[in-house]
């Protein structure tokens, strides 16, 4: 039970001479909601990119253990699609939907790595393919309902309101059937009401699907109320970790956020 | 040994011409990330303009050297005008369109220009008048180096130096570098990006026109199709050196010219173009950033 | 009353047309005038002066100045108007044109659809009976281009990979049949699948290293490959017979029957009709499948696509190889149809031609590609004295289409996935 599903060990990432991540350590336990916070430019998104295979870490290890049974697999250096197939799905800070595909199609894309209709199946449209297609449509629709977007099923993604696009990204990520969902600033650009609803949705997803969730977020109220544990990143370094209460009381964290005062 | 020298100089000459064309590709790519497919056609139009002007002047009885100078100037003026116009017509309306759109537009433009010249002029090879006089001091070395080769290499070196100084020290040159690095930022600090793009096309086209006239003098004949092959080869040179990099284009062009010269000289002349294309394919597969280019990671 | 509004709307249209992108009519005229002068200057040496350096003669075509000036003067109004209209209609880009609307209406009405399909089928069957050998032959070429266009459409239109060396696979199919027929007497019906398989294999082989490249590099590399293949065909005389090509290639046989040229052309025609139907069927099903969706997504955003678990290389490779499959088949047919092939049939122009069919017709649109092939192949055939302007116009139209109508003549129409109402209702009740 206490085996983490994600275990990141001493990951570094350099861009030219800039060290965006410096020996970052982090772990996520089964069915946990973990938040990653830090000032702008701290390297949070880079951290996501490194563990999902979009960037290859300069050094360090990323280990996953989907079943939390102590059988960790090393995944750094693997391609993003392989990582997703292994069960880590993400959303993007600057929304990356497929703009000229419908909401439903966007979610259907998420099921791609869990389905297997081939060229042959596509052309002959045999029974297995038809059934698979039906199941995909059904599941995608249900996911859209879950995130409250069923009224937009056949709307092009680019025509959906901004806040809802973030929800659509979550549905699309869920369609890949992950054990760990990574959300990059899911509440960015949302009003307090929407943020609240989003918080409820994230908790519901955790309970309903029994998966772990890790999120990057700047909205402290949301982070404090919903996370089990929080990690704080500053200049690429994990400077603190603990429960929301511990983080709120941690002087290093306060310094990182209000650093300018002390430096002066 | 003499054969080797001859090949070496032949390679240098080729490389010089490729460099003059490759600079245009690389500059345009550096600024708007577009492979200006029609650039080879600009070179061809430069050669044709040079031929027309030179033909007229010869008939009017002008002396040789002045003909070359006037023909070069006219070729530069008109090629630059074509380059400028092409950008305005075929690329500018497509800023912000999906990446494939301007590329297809460029291919269309290239097809159009080739046929435009073919229909207006001729589809046959046209003999190009001999404009470069035989230099007396080169007589003894005639077997290894002709005067036109010397002129080409010298003109290329001068153009490259001029361009480098221009980019480095003039205001427009600095604006170009800034735009190449970050177009949005350049716009924010008040650089007239449209003008910079136009200037890039004009400079690139002018260099190609110089190349077109000189190679036409050297080879002695032109047709509407010369831009296509030369264009692809110059593009190869640009990629070889690292597209977007000006010194890279020069180095890439030299490497390509020499490779071609030695490969055709020592291996087989039937497969002349195959060497260039194979080199292109190999570089793109194994080192798409080229000799001088830097690998870029896309920011997510 | 209604007459009046019509009049005013007409008036406003005219004034919009005249002043699009300008402050006033006078400004517009001045602008057009300047543009016309500019183009006269631009085209002056190349269009007006023809020198012959050997005979030392000069021919001046002064009249062309006039044509250019007039055409550009009026054309520039049109240009500005089209640009302004595009700006205005930016938000309504999904709006259908009248022809598209008609097609949609026909398709959504089962009876109409059946009737129109019936008419089409009848026309296709009767065509060689009604028209003569010459016409049938042209139609066969057109059908070959439809197949090629639909094949390239998988690569360019569906997967968004710009392949400028498509003709290489076409050449491979043609030479595979020509050579195997010459050396081992292999027949058409055996060569057809062989061509398809060879096309696929070559597609995989070439695609594997190059598909990692970014879009525009891919275009150039494929162009390079296409040229390499052609140059090899030209220079490797021992095997390919060099530039003189291979002649006396067998036409398709029909159970060993001897056929006249007329009969075998008609036979070829029906084979092509069959192949076109087969191709449409396959492409249509592919684009509405799991794979088709992945292609589309890949075209829109590669990074998001990979993050959603799609194997970029594999998906692209699939498109590339499938496109090549059809080119291989078309190559076999081309060789069988002309009974003579040489490398000159497989130049870059051929690739450019097929690409213009796809682009002008409408990338990703089956109906568009068919319309593109019919227009681009048949029209120049019938307007003989305009044939020499063919590539000139194709080039110009490619630019114009990209600038003003990137979706092509007939835009792609995608399947709308429906979630059954009953299920929806029950799900809503939960």
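Every chain is named by a letter (A, B and C) in the order it is written, and numbering of its residues begins at 1.
Here, contacts are C-beta pairs under 8 Å (C-beta built on N, C-alpha and C of every residue); 3 or more make two chains touch, one makes a residue touch a chain.
Please read all numbers here as calculations on a predicted model, not as lab measurements.
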Quickly list, by label, the chains bordering both subunit A and subunit B.
-> C
Any chance you could check whether B-C or A-C wins on number of contacting C-beta pairs?
-> B-C
Taking each chain's centre as the average of its Cα atoms, which chain lies closest to the overall Cα centroid?
-> C
Distance between chain centroids, defined by C-alpha means - subunit A, subunit B (Å) | 48
Hey, how far is the Cα centre of subunit B from the one of subunit C, in Å?
-> 30
Subunit A and subunit C, separation of their C-alpha mean positions in angstrom = 41
Could you check subunit B for residues that touch two or more other chains and list them?
-> 300
For subunit C, which residues are shared contacts with two or more other chains?
-> 303
Could you list the positions in subunit A whose residues touch two or more of the other chains?
-> 54, 92
For subunit C, which residues count as touching subunit B in their complex?
-> 38-39, 41-43, 45-47, 49-54, 56, 58, 83, 160, 162, 164, 209-210, 212-217, 219-221, 223-225, 227-228, 231-232, 235, 303, 348, 352, 355-356, 359, 388-389, 391-392, 394-399, 401-403, 406
Okay, in this complex, where on subunit B does subunit C touch?
-> 33-35, 45, 48-49, 51-56, 58-59, 74, 78, 81-82, 85, 89-90, 93-94, 97-105, 107-117, 119-122, 126-129, 228, 232, 235-236, 239, 270-271, 273-274, 277-278, 280-281, 284-285, 288, 298, 300
Which part of subunit A faces subunit C closely enough to touch in the complex?
-> 52, 54, 79-81, 84-85, 89-90, 92, 96-102, 104-105, 108-110, 112-115, 117-119, 121-123, 125, 129, 132-133, 136-138, 141-142, 145, 150, 153-154, 172-173, 176
Counting only contacts in the complex, subunit C reaches subunit A at residues 281-282, 285-286, 289-294, 296-297, 300-301, 303-312, 318, 322, 416-419, 423-424, 427
